[in-house]
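So that you can tell them apart, the chains are marked A, B, C, D and E in the order they are listed, and the count of residues begins at 1 in each.
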Amino acid sequence: MILTPLDELLLFSGATLLVALILGRGLAAGWMVTILYGGQLLTLIKMAALGYSDTIIHASINFEIMGQSLSWRFDALSWFFALITVASALLSSWFSCGEWERSFKQHGGNIWLYHSAMALNVFTMLILLASGDLLSLFIGWELVSWAGFLLMAMAGGVATRAAMRYITYAMAGGMAVFGGIALVYVAAGSLQYEAILTAVDQMSTTQLWMLVVMFGSGFGIKMGLLPFHLWQAPAYAETPGPGSAFLGAISSRMGLFAILLVLVKLFGIVNIDSLKIPFTLIDARDLLAWIAVFTIILPTFTAMKQNDARHLLAWHGIGQGGYMLLGVVVADAMGGAGGLLHVFNHATYQAALFMAVTAVIHRTGTSDLNKLGGLVVRMPLSFVVLLVGIIGLAGLPPMNGFVSKWLVYRSLLNEGMPLLFLAAVIGTLGTILSVYKLIHNIFLGQLRIEHEQVKEAPWSMMVPMLILAAIIFITGLFPGIPLAWVASVQEVIGLPVTDYTLGGVESVSGSLDMIWVIGVLFAGFGIGAVIFYSAGRSKRVHQLDNYAGGHFLSADVRYQYSDNFYAGLMHLIGGWYRGSFLWLEKSVTSLVDFISLVMQGLYRRANAEFYLLSTALFVIAWVVI
Amino acid sequence: MNEHLMLTIALPLLGAFLLPIIMRSSLAMGVWIGPAILGYGCWILGNLWLHGNGQPFSIAIGGFAPPIGINLYVDAMALLFAFATQLLGLIFWPFRLDQDTPKRQALMLLLVASSTGLALSGDLFNLYVFYELVAVSTFGLIAASSSGAAYVATIRYLILSGIGSVLTLFGIALIYAQTGTLNLAHLAQLAPDQLNNDLGLAAFLAILIGIGVKAELFPVNTWVPEVYATAASRLSAFLAGLVSKLAMLVILRLLLLIFHQPEATQVILILGILGVISGEFAAWRAKDMRRMLAFSSIGQLGVIFIAVALPDERGVLAVLALSLHHMLIKSGLFMLADHWGGSLDRLRGLAATSPLAGGLFVLFALSLVGMPPLPGFWAKFTLITELAGQTDPLYMIGLLVFLLATVIEASYLFRVAAKMYQTKPTENVRINAPDSGGLSLTTASLFGAGLIAVTVMVSPLGEALQAVAAQAQDVDLYIQTVLQQPLGERQ
Amino acid sequence: MSSINQIPVIEAKRGNPLSKVFDELVRFCRSRSLFILHYCTGCGAIELPPAMTSRFDMERLGIQPMVSPRQADILLITGYVSIKTLKRVILTYEQMGSPKYVIGICSCTVNGGMYWQSYATAKKLDEYMPVDLYIAGCMPRPEAVIAGLQQLMNRIQSGEANSWEDYFRNYDYYLGNQQKLFGDNWQTPTDIITEAKHYNLMGEGTFGEHTRLLEQHQKPLEALDMRLGHNLKEPTE
Amino acid sequence: MAPMELILELTLMPLIAFLVGMMMVLMMRRIAAKIQRRVGPPLLQPLYDIVKLHSKRTQISHGLIHDIGIIMAMGGYIAAETLLPVPGMNGIAEKGGIITLLYLMMIPSLGLALGVGQCANPNGSIGIARALTAMLAYDIPLVIVIFGVAYAAGTTNLVDIIAQQQAGGFAAWGAVEMPLLAIAGLIAMHASLGKQPFEIYIAPAEIATGPMVEMSGKYLGGLFVMQCFQLYTTSVLYVSLFLGGGTTWFDFLLKSFLVLAIPVSIAYLFPRYRTEDLLRLMWKWPVMLGLIGVAFVL
Amino acid sequence: MSQEIAHWLDNLLEEIEGIEIRRKSSRRVRVDVPADALPALLELLQGRAGYIHLSAISCVDWIDDEEFELVYHVWSYENHSLVSAHIRIAREPGVYLSVYDLYQPAAFFERDIHEMYGIHFEGSPNMGKFILTEWDGPPPMRKEFDSEAYINEHLSWQEYNPPWLQALIAEGGGVVIPPEEQRFSRKKS
């Protein structure tokens, strides 16, 4: 039987898993796994035709079980996500081999478990992306959440507790999806996409409502949408370095992939739009939009209060997820493109940021923002990578984050949704504030005495970071490249397609051409530099030669402002951090505890039998008379 | 070939009574009699299964024609369960040698014989007799493990099953008064007109509660945690794994053949849902491994009862799939519990000492929770698609409760798994996980291998179960085989 | 990694007419825009607010008060300078960007004034830093202060007010006096010697035995320049 | 867009912006002086300041990022100018709309923030923290205003917006059509200038001019240049959004100076707001006005 | 101060033997007490007479009598009057008892006097440097300290003779007292 490219990809990925399992303990295991990921990327590129047209590649393996047929196939949507997954896996495993591996082993980490967990994650994600019908989608979904659990729980201690919390959420999500699939199966008779497409039109609104709620909440949990977002930050932050880079970049976007596949492609935005919430004027699409917008704002402002760099980034991961959903839910040409492009962009700079923070942890041993400072003189390249990353995360012009946020804003503008537009902008501003706190507390300010001999991260960690930074800038300069893939994805899932150019988006109501904007920006920088360097020569002074109101600065008194960074802002909004969602989660767990207490009491008391039997007799008597 | 069938019940009974005598004379010879009998029983049932023409047949015991005499009805489902009884009896054979080994082995033979009878019997009163035998032998076996708590548990179980059997007798009496016959096939013929009223329903409920004691039905399963926690875990594995399934099989037969009133299925559904809720939530707080497994088995049985409440043929398929899967998993887990024993927090960092046990636990937990490639998922899938298909809102509640139960199950099972894989054991707790009992670990890995084998051959097994379910569902096939068949052959 | 500011800057001092006009413009602008450091050392400072506000507006001369020494050109020493304050004055003076000018207001800066007999005040200010201008008067009136500033502006425009180079050129003399007053291990965080080398303002008086004394006990003050540090061998713990 | 014409515009527009900006700074200081009954600085004072600062003999830098920060600050604004259409020259306004301009105006503040961070002076860091909080405060009403205008005009391209306003004559001016938005825009613009009531982040008394504490010589000169650009950009943006841009140079300059005169004259009458009061004020009035304005527009 | 309060105060003070009272004005009483009776006096005044505010401790250096004079100014808010207790202690050991336990502000006055005169107060919480942090010379307020000699040695005087002044002197005008005699220091040596 001839091997379709998809078969090759899945076999390659399975092979990587096997290699990691068998040779995981060897010294060169890391490099071997990275090369294999490279191979997977090559097979993916071989299927590049998918990215530019809506052809479909079928896998030759399909099963016939219990009356259900399972099949796997790749289309533009899955190709787009697969490309991001394999690329981020390649870069994060490249980052992990070499010196990071050695120090991870020294600190008692299990490198074999790490590599095999990563390979397992990639393999399961490819299976999920390639799912041909709802049942294989669910199988892939469960596998991915369990593989994620493995990767998160391997660091032990705090990580295990965070992973436990994750798995409870993931199981709840999985069961919601399972219920949804059952309902669909009953309504449509079969789980194939084509059958569901036809069946969706006759579905009654209550049935459609049930499905949207079940699928929405199930996939929303994985994406970290608002009511279910509490698990994501600690879980991603506690995973070992490159693992968090991989998870942060792509793992929670699987939820978005599933929402795109089910809610957008199968149910179609127009149907969702028609679902009215009784006696309120908003419908399901607005509800999703508002959830997305609150998911942008609340996690971003929580991130601002974090004192640990990894937690700050993880909270931002949740926030940016809101943008993607917002873009997709607005569902006009630009919004869809914005949301999908944001998936790609976010993957690049989130991975770069996590790697930069891991490099800092690798060298200084801590990621606590109050124990770092002034590292720019000792780790300049990591500073550059972090700077490029935060400009992308904040969505400022030279980097790619700006393009996708611009598209989302333009779509909100065209659709005329002022409050959503305002909320999205508040999210961006919050990101800028907390992102500056990140780079200021780590790289700027006074260098500590103990960090004076710190060296730059080793080249094995630095090269993938620089590659990512380059990708961020290039896709910022030429957004046309990813926009091409995004356009073909839009075609596949039925959203209106944007007409993109290499530089950006062309439209009658105001277009964007990044090549011109960045060209002018760098011209401006050139002119500024000329003005600046035409004046006299400047002399570099020591960090203690600083104005302190006439006071003689000395190394033993730390002259740095980093704790409670936005004191003014916190005076006003400090009171709003009551952790209402944390309270929500606690109330659920205490309810479960209470019920279990009651049930256990039921079984323990001796005279329960008579009480129970009397009820049984009563039932019989009642039936007879 | 089918007359040998009687031997599968007769031989263990004979062995049960002869064993103490043989044991007293020569211990060595006595030790091997039990396993030999059971082995022979498995062999009979095995080749009956292979060579049988797939058609059910009925054997009249003692030559009397069915309406008067007692007959054994053997269709694919009954054969499956009988074979399972013999096999598990062999696996969980109490090999330990101490002063009351003969008593324990004799009771075990008795238990296996009566269980096989329960599976095969076609007569209502015969069922009641075998049910009593099972109850008596379980008392003896639990009491045999001679610990204080065991006695207390036995007494509680004694009271409950006593009341249960009284109720069953009351039900049977009602039926007999109404129809004048006790043969299932004959009853099936008469049921539509005579038992279709309130009296029939009352009779069914009485029998349901009576047999429910053994099937861990909600109101009457308070004995389960005590018994399973205190009895020898090999015995509790056998009880939880198999005997409760047989009792549920009897209820299923009654439901399929005789009682078709909708209220009956509703009552079962409600009790099933309550069983799931109470079982799963109680397991959330369990401190001791075996008690947690006991509660979890109550929950799983509740799920199976929900499946029983499903009217059509796929419902039966769900019941079969779930019960077989639960049998495999629960016995494996009990074996692991025997291998570890004791409270949950002594398991900290245990995966480091015995990785195989840790791996098996995770495998069983994953399958119980319904991780896709494993069979647990397919069993759940059939149940859920069936539940979703019903229009009755009560089934919807059943679906929600079942989904919620899986989430809770996942959280408490994996809390234990996480504790086991805690790489950095806290300093003061010395890892004193008990030395791995060789025997129980091998049996557990046997079940693990069985599970993996089922995973691989899921589709063929699926079809086979479908055929079994179709056959069981077919009422008039049952009547036709039992009644029109000429008087049983001589010899 | 050589930092960018090592690029040679076009030196405008090549005697052709263009550079003469350029120097003329620079001197004119320097005289027309002076920033005073908002730093009151003694009682004379009370005269400055009236000089800046509506009656004697200094802003019409282009003079603005600035807060930090980095931004300021003129350091006003107003009133008596006690030894404690002198330490801070010297530090502030060294933190200012040159060309910088020091104006001693009130007679206390001229010759100790009313506190001539006190053991705690410095009598001769220009021992410790080059002073451009003295404005006598026991608190001179705002007109006097403005007249003094105008005189300074004229000197700047004519190019004579380069006493700040004197601090670099014979730094040893000033350092000697400072060490005589504050003890031998006296050191300010600003590194004047490297600064002199950097802007090649070194005169023959820059080095001497006082600077050698300073070298011995000086804490390292060279700037932390960016380096990857990969080539550094592992520091021996 | 012939490349030659673009290069010409790329150099000419910032130059005009710089000159007009200097005149605006002078006007601001003159108005301040007149309010305080002072004579006020001579005509070319801003030029003198900038030339003097750039001709300082010793320049103190704290590191490469300090230099790059100032370059980014100046460069950012220079680039932002080309996006602002001026009568006769449209620069690259078609290539990016108001949202791009809004983001381009954030680049200088980020560049300044990085430069000040490298100065390793806590006064600077506190100043920057307050500056970013203030940006959070005044950007929200600004965004509402921009949304309103863009939605009313149906496009984010500045050139079209101006063309629409000029086509309709006085009646089609933004201020006339959307008065509430114009007022909200004025308050937001006032806050973005960082002048008196809202200059918490340059508070001279408390944190020694905040971010500018370690800026000497050409660094301070660069910030003075940035201040000129800042005044020019904000006022010209307001003019093109609400007052219909300039048909002729004189009319354009007159409008810009008038628009700037209003906030500046208000500025010197108020003491400084604390950061949280600034936030509370900016989130209360202009946001309310803006939302009502947008409601009308929708 | 009304008559009966003054009268009452007088016979109150009589209890300290060897006390000499001089009423300076209606609200000022000067009291001279032997050195060792001072704490008793202060306790009396604070306890029974309501003099709860120690406004200052001043010190006079009688170099000729080889004695220091310490004056404790105590004020009462009820009867609005100030009592200044004068005591004399020997100059040489220059040690006296601290009144910190009665009046907490005394700590600063005693520390100041210690720095300026070198008197060591037993029991005072902190005898470190107070204002003259850079000063390591002898206590400057003592009479034998010659400020001018110190200046001549450590600091330097401003030689101020600009050209116009020299021309004036050349013509016989100029300053009457030549600069070197302008010093008013009594020390003629």
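Annotations
FYI, contacts are C-beta pairs under 8 Å (C-beta built on N, C-alpha and C of every residue); 3 or more make two chains touch, one makes a residue touch a chain.
Because the structure is predicted, anything quoted here is derived from the model rather than measured.
Any chain that touches chain A and also touches chain E is listed here: C.
Shared contact partners of chain C and chain D comprise A. Interface comparison, A-B versus A-C: the pair with the greater number of contacting C-beta pairs is A-B.
A comparison of C-alpha centroids places A closest to the centre of the full protein.
Taking the CA centroid of chain D as reference, the farthest chain centroid is that of B. Averaging C-alpha coordinates per chain and comparing to chain E, the farthest chain turns out to be B.
If each chain is reduced to the centroid of its CA atoms, chain B and chain C end up 97 Å from each other.
Centroids built from CA atoms put chain D at 36 Å from chain A.
Taking the mean of the C-alpha atoms as each chain's centre, chain B and chain E sit 105 Å apart.
Chain E has its Cα centroid 40 Å from the Cα centroid of chain C.
Contact of a single residue of chain C with at least two other chains is seen at positions 3-5, 68, 70, 87, 195, 199, 223-224, 226. Chain D has residues 55-61, 63, 67, 208, 213-214, 217 in contact with two or more other chains.
For chain E, no residue reaches two or more other chains under the stated contact definition.
In summary, the structure contains touching chain pairs A-B, A-C, A-D, C-D, C-E. By the touch rule above, chain A contacts chain D in their complex via residues 374, 376-377, 383, 387, 391, 394-397, 402, 406, 409-410, 413, 416, 418, 421-422, 425-426, 429-430, 432-433, 436, 439-440, 443-447, 503, 508-513, 516-517, 520-529, 531-532, 534-541, 543, 545-549, 559-562, 565-569, 571-572.
Of all residues in chain C, those touching chain E in their complex are 83-84, 87, 110-112, 117-120, 122-124, 127, 180-182. Residues of chain E that touch chain C in their complex: 132-135, 137, 140, 145, 147-148, 150-151, 154-158, 160, 185. Every residue of chain B that touches chain A in the complex is listed here, in rising order: 156, 159-160, 163, 167, 198-199, 201-202, 205-206, 209, 219-220, 222-225, 263, 267, 277-279, 281-286, 295, 366, 369-373, 377-378, 380-382, 384-385, 387-389, 399-400, 403-404, 406-408, 410-411, 414-415, 418, 421-424, 458-459, 462. Contacts from chain A toward chain C in the complex involve residues 374, 376-378, 380-381, 447, 452-456, 458-459, 533-547, 550, 552-553.
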